[in-house]
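This structure is in C-alpha cells; I'll ask about it shortly.
Chain naming follows the written order as A, B, C and D, and within any one chain the residues start at number 1.
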Amino acid sequence: MLQAGDNLDPLLKRPFSILDYDDELLYFLFKKKGKGTIYLSRINKGDVITLLGPLGNGWPAPQGEFIVIAGGIGIVPLMLLLKQHRNKAILFYGAKNENELLMLEEASKLVKEIYISTDDGSKGTRGLITEIFNDFLVSNSSCKDLTIYCCGSPPMLKAFSKLIREHNLSCYASVEEYMACGVGACLGCVVKVINEADSEGFHYKTVCKDGPIFNLKEIIWDQVF
Amino acid sequence: MLQAGDNLDPLLKRPFSILDYDDELLYFLFKKKGKGTIYLSRINKGDVITLLGPLGNGWPAPQGEFIVIAGGIGIVPLMLLLKQHRNKAILFYGAKNENELLMLEEASKLVKEIYISTDDGSKGTRGLITEIFNDFLVSNSSCKDLTIYCCGSPPMLKAFSKLIREHNLSCYASVEEYMACGVGACLGCVVKVINEADSEGFHYKTVCKDGPIFNLKEIIWDQVF
Amino acid sequence: MGSGFLDVIKPNLSIQIATLKLKNPVMTASGTFGYGEEYSEFFDVSRLGAIVVKGLSMKPKKGNPPPRIVETPAGLINSIGLQNIGIDHFLNEKLPLLLKFKTPIIVNFFGDTVDEFIKTAEILSTHKGIAALEMNVSCPNKEAGWRIFGTDPKILKEVVSRVRSATNLPLIVKLSPNVGDIASMAKIAQDGGADAVSLVNTFLAMAVDVKTRRPLLANIVGGLSGPAIKPIAVRMVWEVCKAVNIPVIGMGGIVTYKDALEFLIVGSKAIAVGTANFLNPFATIEILEGIEKYMVEEGITDINQLIGSLVIDYERTYNN
Amino acid sequence: MGSGFLDVIKPNLSIQIATLKLKNPVMTASGTFGYGEEYSEFFDVSRLGAIVVKGLSMKPKKGNPPPRIVETPAGLINSIGLQNIGIDHFLNEKLPLLLKFKTPIIVNFFGDTVDEFIKTAEILSTHKGIAALEMNVSCPNKEAGWRIFGTDPKILKEVVSRVRSATNLPLIVKLSPNVGDIASMAKIAQDGGADAVSLVNTFLAMAVDVKTRRPLLANIVGGLSGPAIKPIAVRMVWEVCKAVNIPVIGMGGIVTYKDALEFLIVGSKAIAVGTANFLNPFATIEILEGIEKYMVEEGITDINQLIGSLVIDYERTYNN
C-alpha cells in the first residue's frame, strides 16, 4: 500500500500491485481515480512516500502453458507473472479504449499469443475481453485445461466467474476491495467465499491477507455494489 | 491568506503579509511553524496555490521621520513601509538569534538609523528590542513625538504596550490572531479593544478586517493566551 | 432530446419550505456568512437560494474572549459565543442592505430565556422583508442552569411551541446534534409547530495545547464544524428525514457539490454551507453550479426528483 | 541533574486501573489490532501497556457484507458488524499465542442479550491469563428491538451490574458516544460496579455514493473513527473524568503522541490507539516513545503528574 504526503486527508494508504522490481527500485503503475492516486501522481523525484508491503498472497506458480486475462489496469499484477514465465502464456487483454491498453508492447513480448479487445474498437476486436475469450474457447477446447490467471474490475470478474463455473475452468483472480489496515487486522476488506463446512455455506475472507488472489470459483458475488 | 494544496488537512488558509511586489509577482516570507507553513514550504515552481487578499487595513502613512520596531518575522509587513518611505525611519530590530534577523541587509539600506538586538547576543546588543528602544528613548527624548510602527509576537506586543502607555507614545501595531474566514464574517479572529461608549469599556474587533493594524494603546491584553 | 449542449434544458432547482419559495436549495449557514456584505464582494449573492444571517439576540452580545477558533483535522472548533449586534442595530442598519439582494433573508436568532426567544421573534416578525425565522436552540438556557435548550425534550417543546404562537413567519428550528436521538428532537419541533427543521449545528468539542496544558479556546469548549462532521451529519439528517414530514434543511461539513448531493439524496430539501465559506469564498456558488451540472448529466429535470432518492435495495441491519 | 543524555532519569509511565498494573498507558483499541499477531511482525508488542483484542461473542459472528469501510475527511466509517471467531476458538487458539506477549491481554466482548453478556463474561473469567474484560455496550440489544445497550440508561445499568456479578476480573465498560449526556452514562457504569470506563466508541455515521445514490456501506450506517472525531472525544473524556472517580481510558482519533497527551491531560489514565494503526503500524510505539520524550523534556518524572493536569485559569462560560 502506498501513500503520498503525511497529512490526514486522504487518511488511508491505497493498495497497489508491484509492476516490476530491480536491485534498486520497485515499479508501480496506477490509474488516477480519486484523492489517493491524485496525490501520488503529484510527487516529485526525491519526495518520500510511505509503503507498507509486500502484503497478501501471490499467484500460484503455473505449470507449463497458462492463460492470462487482464482488464485495463488489471494488467499490472500479471506482468511479473508473465516475465517469470516467458512465452508460456496466452494473453487476453481488454480495455475501454486504446489508451487504456497499458504495457501492451512489453506484455506482447512476454507471451506466446495475444488477443486484444477494446470497448470502442479503437484497438483489437471490439467487445469485452471475456467474450473474446469465450469465443476462443469454442474453437480451442483443449485450452479448457489450462489454468487461468485473471485481474480486472469487480464487474468484469463477476461476469467472468459465471463463465468459469459454466465451463468448469480453473481460474485464479486478483480481487479488489477497499482497504484500511492491509494486514488482516480490521476485517474491512472482505469478500464472500464458499465454505462447505459453514451452515450458511460461506465465510468472509480478507482481500489484504487471505488474498488478493482467490480461486475465482469460490467467490460469491451476491454482495452489494 | 495562503494555502498550498487542495486537501482538507490543514483545513484553513493562513494569514501572511506581503513582503514586496513587482509587476508580475507578489513576494512572501514566512517561518515554518506548523502544518500550514510546512506544506507551503514544499511547493515547487509551477504549483498552484490559493490566495485570498489583500485583506484588512494598512499602515497609516507616516509624517516625516518615524520609528519602526520589529521582532523576528515581524519585519515582513514593515518592509514595504520602509521601502515607500526611504531614509525616514529609525529601525529597532530584534530576534532570538542572528539567523532569525531576516532581511537585515535590505532593511538597513532603507532606514536612517538601525539598532539591532538578539536574545543570545549572536548579533547586535544582547537583550530584548523593546528594552533597547527604552534605553534609546532615555537619551533621545525628542523622539517621543515620533510615531511608532511595530510588529512582533503577541508577548512582545503585550510587553511593548505597557511602555507605550507609560511614555504616552503613539504606536501602530500589526496584531496576530488565529483566522478562519479572513473577511470579517466568522468573528473568529478578534482582539479586545477599548471602547469608551461601551458599558464595560471594550468591544471585540476583528484582526482580519478591522485590523491587522491597531493603535496599540487601544488594545486590551488581559485576554487568555 | 438532442445531444448538443444547446439542447440541454435547464433543470428546475426551485423548492418550497412552508410558504417560502426558494429558487434553489443552496443556503448559507448562520454565523458563517456574516450579514451578506462580506461575501457580496466575491459574487452575486442574489444567486443563492437564501441567506441565513448570523444569530441575533435582543441585546447586542460581546461574545467570548479570544482565542475563539482552533483548527482540527478536517474541522474547526469555534467558540464565538454568539457575538452579535442585537436586533435593533440589525433591523435598522443591516436589513435594509440585505433586502437589496434578490434572495430571501432568513434570520437566525436565540435567547437566554424562553421569554427572550418569544420577544425577539415578535419584534422580528413585525418587520417587512424577513422571509423566515430560524431559531437556534443550541444555546444555553439561563433558567435551566445554562443547559442547552435543544438537548432537553421538555424545554425544546416549550420554547418551540411558544415561539410558534409568537410569529406568523415560516419557522425553522435548528437542532443541536449533541443529543442521543436526533429524530425524536425533530419530532418534538414538528409537534411544536415548526415549519421546518435544520441540522446539524456544531458538535461540542475541545482541544488542548500540550505545551501549556491549557485548552486552546479561552471558552474551554466550542463547536466542531467542517468536513470532519459530515458523515455524522448525513446520518442524522437521514434519520430526521425519515421521522418527520416537514422539510429538513441539511448541513454539516458541506464543501463540494457532492457533499451537498449526499444531504439532498438522504432527503433534505435544502442545504446550508458553513465552514466551507472560509475555505473558499465561492463555495456556495460552486456548489450550486455543481448540483445543476450533475442534474443535467444524470438527466434529472427537477430537484424534487433528487431529494430523498436514496436507493436501499438490500436488507437493513444495524450493527457495530 | 546534569545536562547530558546519560543523566536523564527514565520517567515512570506505569499506571494502575483497579488491580491491573500497566507498564505504560498506551493500549490498542478493540477491533483495530486483531488478536495481536498481525502487528507483532512490525514491533515487539510486549512493549505496549496492554493489548485489547477484537470484540468477541459466545458464538462466532460473520459480520456484515462488504463494502464495510469508507474513508471520509480525516475519518473512517466501518460497519464490520462485529465479525469474530467466537470465544471458544479464541480461548483455544488465539489466547495461548497472545499470552506469549509480556503485556496484559484485555478481552473486549459483547452479546445480543443481557444473558449472553453474562454467560460470555463467566466463561472468559474462568480462564487463566486474561487480565481484564472490556464490555462493548455499543452493540444492538435483541430484546430491546435492537436498540443500542449503551444509549439507554436503564438497560445500561442492568447489563453492567449483572455482568459485574458474573466476573471477578477488572471490568471496563466501553461507552457509546451516541448519547446526549456521556457523563451520566459513565456514572451509571460506575454505579453498576465498573472498575473503569473507556470511551469513545465510534459515532454513528453514513456516506452516500452520489453516482449510484446508494449508501457507500452495505449496512447503510457505520461507526466513524479517526482524527475527525478527536475534538469531540477529548471533550467527552474531559466531561467523564470530572464526573466519575473510577479510571477513564480515553480514545478517539489518536494518531500522534500529542493527541495522546490531550487525552491524558484532560484526565484519562490510559489511552487507546485505533484507526491510527491502519495509517501506521508503528503508531502505538511511536506514541509511547513520544510521551516518554515529552515527559523528559518537560521534567515530568511520573505520568500520574501529567494525568488530569489541565490548567484552567480563567472563568468558564458555556456558549455557542
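In this section, contacts are C-beta pairs under 8 Å (C-beta built on N, C-alpha and C of every residue); 3 or more make two chains touch, one makes a residue touch a chain.
Please read all numbers here as calculations on a predicted model, not as lab measurements.
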**Q.** Least step count from chain A to chain C, where 1 means the two chains touch
**A.** 1
Q: Please identify which chain has its centre, taken as the mean of its CA atoms, farthest from the centre of chain B.
A: A
Q | Centroid spacing, where centroids are CA-atom means, of chain C and chain D in whole angstrom | A | 33
Q) chain A to chain D: how many Å between their CA centres? A) 37
Q. Whole-Å distance, chain B centre to chain D centre, using C-alpha means?
A. 45
Q. Out of chain B, which residues touch more than one other chain, so two or more?
A. 8-10, 224
Q. Which residues of chain C are in contact with two or more other chains?
A. 63, 65, 73-75, 78, 80, 214, 218, 226-227, 313-314
Q.
Thinking of each chain as a vertex joined to the chains it touches, would you call that graph a line, ring, star, complete, or other?
A. complete
Q | chain B contact footprint on chain A (complex, rising order) | A | 7-10, 35, 39, 44
**Q.** chain A-facing residues of chain D, complex
**A.** 31-34, 38-39, 41, 54, 62-63, 65-71, 73-76, 78, 80, 83, 214, 218, 226-227, 255, 275, 277-281
Q: Spell out the residues on chain C that touch chain A in their complex, using ranges where they run on.
A: 73-74, 227, 313-314
Q. Considering the complex alone, what residue numbers of chain A touch chain C?
A. 8-9, 224
Q: Using the touch definition up top, name the residues of chain A that touch chain D in the complex.
A: 8-13, 50, 52, 177-192, 200, 202-204, 209, 223-224
